[in-house]
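Chain IDs A, B, C, D and E follow the sequence of writing; residue 1 opens each chain.
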Amino acid sequence: MFEFLRWIHVKHDSAPGSLVYAGAKREFVPHVTLCTYNEQNTTEKRLDPGEAITLADGHVNFIRVVGIHDSETIKAIGATMDFPNLALEDVMNTGQRPKFVWADDETGFIVMRNVDAREGSLASEQVSLFWRDNLVVVFMETESEFLDGVLARIRKGRGRIRNGGSTYLLSAILDSLVDRNMVTLARFSELAETIETKLDRKTTDVLLGQLYELKREVILLRNLLIPIREIFKGLMREDAEIPDSVLPYLRDTAGHHEQAVDGVTALHDILKSMIDYQVSLIGMHTNRVMQFLTIIATIFIPLTFIAGVYGMNFEFMPELKWRYGYFIVLGIMGVTAIAMLYYFLRKRFL
Amino acid sequence: MFEFLRWIHVKHDSAPGSLVYAGAKREFVPHVTLCTYNEQNTTEKRLDPGEAITLADGHVNFIRVVGIHDSETIKAIGATMDFPNLALEDVMNTGQRPKFVWADDETGFIVMRNVDAREGSLASEQVSLFWRDNLVVVFMETESEFLDGVLARIRKGRGRIRNGGSTYLLSAILDSLVDRNMVTLARFSELAETIETKLDRKTTDVLLGQLYELKREVILLRNLLIPIREIFKGLMREDAEIPDSVLPYLRDTAGHHEQAVDGVTALHDILKSMIDYQVSLIGMHTNRVMQFLTIIATIFIPLTFIAGVYGMNFEFMPELKWRYGYFIVLGIMGVTAIAMLYYFLRKRFL
Amino acid sequence: MFEFLRWIHVKHDSAPGSLVYAGAKREFVPHVTLCTYNEQNTTEKRLDPGEAITLADGHVNFIRVVGIHDSETIKAIGATMDFPNLALEDVMNTGQRPKFVWADDETGFIVMRNVDAREGSLASEQVSLFWRDNLVVVFMETESEFLDGVLARIRKGRGRIRNGGSTYLLSAILDSLVDRNMVTLARFSELAETIETKLDRKTTDVLLGQLYELKREVILLRNLLIPIREIFKGLMREDAEIPDSVLPYLRDTAGHHEQAVDGVTALHDILKSMIDYQVSLIGMHTNRVMQFLTIIATIFIPLTFIAGVYGMNFEFMPELKWRYGYFIVLGIMGVTAIAMLYYFLRKRFL
Amino acid sequence: MFEFLRWIHVKHDSAPGSLVYAGAKREFVPHVTLCTYNEQNTTEKRLDPGEAITLADGHVNFIRVVGIHDSETIKAIGATMDFPNLALEDVMNTGQRPKFVWADDETGFIVMRNVDAREGSLASEQVSLFWRDNLVVVFMETESEFLDGVLARIRKGRGRIRNGGSTYLLSAILDSLVDRNMVTLARFSELAETIETKLDRKTTDVLLGQLYELKREVILLRNLLIPIREIFKGLMREDAEIPDSVLPYLRDTAGHHEQAVDGVTALHDILKSMIDYQVSLIGMHTNRVMQFLTIIATIFIPLTFIAGVYGMNFEFMPELKWRYGYFIVLGIMGVTAIAMLYYFLRKRFL
Amino acid sequence: MFEFLRWIHVKHDSAPGSLVYAGAKREFVPHVTLCTYNEQNTTEKRLDPGEAITLADGHVNFIRVVGIHDSETIKAIGATMDFPNLALEDVMNTGQRPKFVWADDETGFIVMRNVDAREGSLASEQVSLFWRDNLVVVFMETESEFLDGVLARIRKGRGRIRNGGSTYLLSAILDSLVDRNMVTLARFSELAETIETKLDRKTTDVLLGQLYELKREVILLRNLLIPIREIFKGLMREDAEIPDSVLPYLRDTAGHHEQAVDGVTALHDILKSMIDYQVSLIGMHTNRVMQFLTIIATIFIPLTFIAGVYGMNFEFMPELKWRYGYFIVLGIMGVTAIAMLYYFLRKRFL
């Protein structure tokens, strides 16, 4: 049920800093892509397996590692870049809480999640980021399109990305991850709306089940979004040394994240309210049905009793001999029924 | 369902700072109005499409832009005033979270919402504000009357508005937006009262549905009001440099906003309480009806059984031959019915 | 429903600082009383309408204004005392949030509410206070006895009031207002107890309705008490310059207010718990009744079936010819009934 | 219901600092005990009524006042010790919120509550403490054993109490009061366990009522424990000048208090959960019973109908003439009953 | 029910700092193990009862004490190491709140809990830790495997443990305790999943009871995890003087703890949601059954009434003489039944 609890089964007994993969089983061979760019030009290259990484001076070096299940690859990259083992361990242990720490004096390390709402349930993969002057390294579990927009802007030189340095690239990547959260939230919000429309027509327990499942996913999304706040708080503290030219973009992204947190909270409250409403609607429907049926029964039971009385076989029952006895009894039955109906209507039983 | 989630579908792939409109479709041509005033005089002018804006020295220049769906207009104004693109992007992306940031060293930028309770459901449009020394620019989605009061005071020179400078104008605009929130809250509060009056007469599920809808709108309003607190906090910090003569007005407005937040929270709690009460009232009514009906049935079922016994066709049933058998049985039935009624009354079943 | 939302209907379009009354309609002529005192002597005087106020040197001047619905009176007093218009506007706009601000460099301004629990529902009037060296001005909506205790102490020279200066008088007035909150809370608490006693005997929906109404009033009282905390916090900050001789009294009053806030929160929780308990008690009673009735019906239905079988008119039904058929069937019916009763008892159905 | 609301009925009209008793009526004569001790020796003496208190130099003077309902006694002690009237007023007004203030520059004043869980409901008495160098004065409503442990340690010279000075004594007294809270919490916890054991056997509304009452007491206890936190915070601030040798003991006590607050919160949550569970258990039991009974009725109703058909007196009913008509009908009835049972079982109705 | 309330029954009357065991009864003889290591070598030795402890210079001395129920052992170790009595008392009083204090100027003291989820319910033992330069002493209630991983790393010299000093060892021990919390949380999470799978098939009150019990355990776990936050906060404050080389490991562990707190909160919310869903599912199932049964009864009751009418024994009932009277009545019955079924279907009663 809870992806964020998976990694602990592996970690046992291993020292902090040992590189053991602790995520879902993956079969593909990890690959590394190096993209270097500055204001003038941009190159992109997919490295061969085992090929060493050569950083370009005077450029921002943007390295994407797709696939974190092979400790050799991670170890090699970590050694080249001189990343500390403790951080590399976090890279391989999917299921980390989103966080921002300094890997060393000049290298920042961020763990985020790439969120998805496949088929209405929350899925997420871990994205780890290292950055220092002129270098950004992104590790992701599988090939994912969340960086496509950023890459397109690098290629076409749109916006400020080409001359913003590594912190601008960092802020752009965080922005696209926050966007994914927003899209997921929007997806859940649409699901809630779809269910609401159906509820207008007929409330069933299937729909109620869907509401409860959606609420669970929204709780999990909220649980995932809240620690991300601390990442932005940390980045905007003075000691993070984000340049003034990049700060507004980061602040913008942090604002969107706050909006997502607000939204997920409101959606949770609304779902709770919807569920309460549906449960009481279902209850009221049942009550109305039962009440209607009981009224029918209640009207016929005394009539049946009267019929029963004149079905008794006593030898001496004077009414049975009367010429119009039968019709009189029928009349009494009719009057009784009408009187009861009138009484129930006046008492608002119907 | 959630207006604040609409803009994200557009933003994908575009770099931060690109001017793309992300709100409801609008057909009209945006127009710009320039109002300049100082203590002595005031001029007002609606600019022709494409006309350049000329600011008046020694006056407060108050520019209203109605319609933000045309990126050319926004771009032109932004260029004239030298507003940064990142802020202009926020202007065009309706659905922003209310916020206050410094667009540049001397220009403040605020995003607020102009709230409305049309037909009982919450509607809102984005209002963006830039201000610097002697300049206030307001962007709004459609023509809205929320500035009428402010304009009237400028024209007639009522109050301090003519000699309060741009920060006083800013505070007056925020005040009128906060007033809209109060009016909306009052509208919801009246709706709650109206429903409550009807509930006194008869609780139906239609009314219950209205209560739940109202509660949802109140959750959304609360979600919208809470981030506005941070705008006032930011404006009242020392680095916002609001002059001492204007601060009391701003503090007054912030106080009203706090009142709105208090009010929306209390209304939410009261609606929750009302719903709980109605649900239990409906339940108790049904229970009382069912209980009454069941008692009727319970009284007649044993009587019907007795009638059934004497309707049996056994050849040897001594009672059937008795002279007063029929009347004795009728008497037994009557006594049974009265005994049961008495028992039910004593046991408080009725 | 919410008194605190009333004022907004008036304020529209008027500039901040315009004096417009925005409370319940009042017919009487406002009157002003001036009480001056020092350690040696005390004078009291009710001013004629329009009479100018002459402050006494070397005395504390305690001015009470009863009735705030006449803007001329307020304007005149404001002009004499040199109070800023923004504060005077708040005086006339009943429905303000309790608050403490500095009207000018040496004049403090406090808005509080004089709370009452008339007939079990929360009523409140606005009380506004200005104070500076040797001067305290109190504005109230109607003649109210909440100052009687303070005045009696001034007249009789009891306690420290005569030589405590204006801040001591301020603290005494706040103390008497906080006392009113405590009395109101005590009243609600007694109401809760009264209802609880009745519930022990018989729970009805009338009593449940009273519980819900009480809970609503308690929510409103809590909403009113919470912002008052900030008044005390503000007064006890160093820049409020309350003399050391008065501070302990103010701290004492603030402590009582905290007690009221604690109390209203606990009362709210207890009422919630009481309502839950009552709803489940009512439900359990209904269930027990229905269960009892259903058991009666269930016992008789099979018996009636047996009687029905032997009421059939088939020509060839051997039992009907038996000498003791009737008695055997009666016996079978009795055994069936006893067996069912025994089964129901063993299964804890009864 | 709420002890903490009792005092307000007295205070009206009296100036702050007037000594009026505001607690439950007490008949006994208050008495004062003086215990002096230092590292070498210890003396204990119960003062005669009216006897003056003589403090011993070079000793810690520990004065216990049992009974606070006689203003003369309190006034006399206050005058001897030079305690301010405002604090003495708090001593006599039982029902104070727990608090810590400086009575004067060198005298600390603490109000706490001595808590008890007599017969399962929360009872508490006010304990007031003054302390300064070498002096601790404790006021309590009635003779209570909560100081016995402290006194025993003074007498026997166990632990550090003899050479810890007045602040160590203070910390020991607070420790024994916090222990009382823990014992009360343990008592409520045991009650919850006892009820839970009974619930395993059979849930009745009597037990449910006990659960609700317990929850109410736990709410009141929580309300009482939370303000005590501020006392410890205040004592551990630097300006309280608790010596370094005593601080660890105070911190230990504060830790125990935190544990009590944690515990009362958890107990509240668990009681809420237990109540929810019991309410749903009762509901499910009723539902099962009703379902069972309704199934019996539902099986017999069609059979009774069939019997009714063949009880009709039409002249021409061919089946009645058949040789095996009766047995065929009995067979049909049996088959119908079995088919219905089978259907109900398959549909999980039973 | 609440382990954390057990110790208070012992403490009464004893001075703070007295060594009295206050945990579950244990029979075994406590034993002490000394492990010394530095970068070059490592020795391990189980001490004989009563054997004195000799610390090795230039090594980290890691002492494990298994069994805290013998005050002599604790006293002896405390005397050798010069630990203050107040801390030793906490060691013996199991049921302490997790905390971190300075035992003396250079010795830190931490109380944690070793958590376990045996058979689905929360069990925990107290683990106390002293550390100073080159010394770590761990006290535990029983032999437990939580240190096995740490010891293995010391023996094999894996990771940084051999040259990290005593603070690194401390952080490794805390890490393994936090891991236990994670494993416990994972266990509860799995239990929740298992129950959820079963619920898909059939909801019974047994499963509901399991859900409630699980929720209670989760409340207790949350109550236990939250105070641990303060331990990490305290250790990461500057005055704790954790060396820079160890800080990242501690921060890592603190991050995992935050994850556990997040997880326990989310699990609590999800369990609440699951319970609500199950209760409403059970309610809906019952309602559907009752509705179905009532419909059957409602259809047959009017039919039985018709049969009753023609079972009456009036002499003059013309229909009885009709040739096809019987078949006409059967036809009327059929039509009535079909009409009712059609009506119920159209009204969505079925």
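Here is the rule we go by: contacts are C-beta pairs under 8 Å (C-beta built on N, C-alpha and C of every residue); 3 or more make two chains touch, one makes a residue touch a chain.
All figures in this text were calculated on a predicted structure; none of them were measured in a lab.
A.B. asks: If you walk from chain to touching chain, how few steps can bring you from chain A to chain C?
C.D. replies: Shortest path length, in steps: 2.
A.B. asks: Suppose you list every residue number at the chain A-chain B interface; are over half of them used by both chains (same) or under half (different)?
C.D. replies: different
A.B. asks: Averaged over CA atoms, how far is the centre of chain B from the centre of chain D? Could you give it in whole Å?
C.D. replies: Result: the chain centres lie 41 Å from each other.
A.B. asks: Distance-wise, how many Å sit between the C-alpha centres of chain B and chain C, to the nearest whole number?
C.D. replies: From the centre of chain B to the centre of chain C is 25 Å.
A.B. asks: Taking each residue of chain E in turn, which ones touch at least two of the other chains?
C.D. replies: 283, 290, 294, 297, 301, 304, 308, 311-313, 317, in rising order.
A.B. asks: How are the chains arranged in terms of who touches whom: line, ring, star, complete or other?
C.D. replies: ring
A.B. asks: Can you check the complex and tell me which residues of chain C touch chain B?
C.D. replies: Answer in residue numbers: 1-2, 4-5, 8-9, 11-18, 84, 86, 90, 96-97, 99, 101, 202, 205, 208-209, 212, 215-216, 219-220, 223, 226-227, 275, 279, 282-283, 286, 289-290, 292-294, 296-297, 300-301, 303-304, 307-308, 310-313, 317, 319-326, 329-330, 333.
A.B. asks: What part of chain D is in contact with chain E in the complex they form?
C.D. replies: These residues of chain D touch chain E: 148-149, 152-153, 158-161, 172, 175, 179, 182-183, 185-186, 189, 192-193, 196, 248-249, 251-252, 255-256, 258-259, 262-263, 265-267, 269-270, 273-274, 276-277, 280-281, 283-284, 287, 290-291, 294-295, 297-298, 301-302, 304-305, 308-309, 311-317, 347-349.
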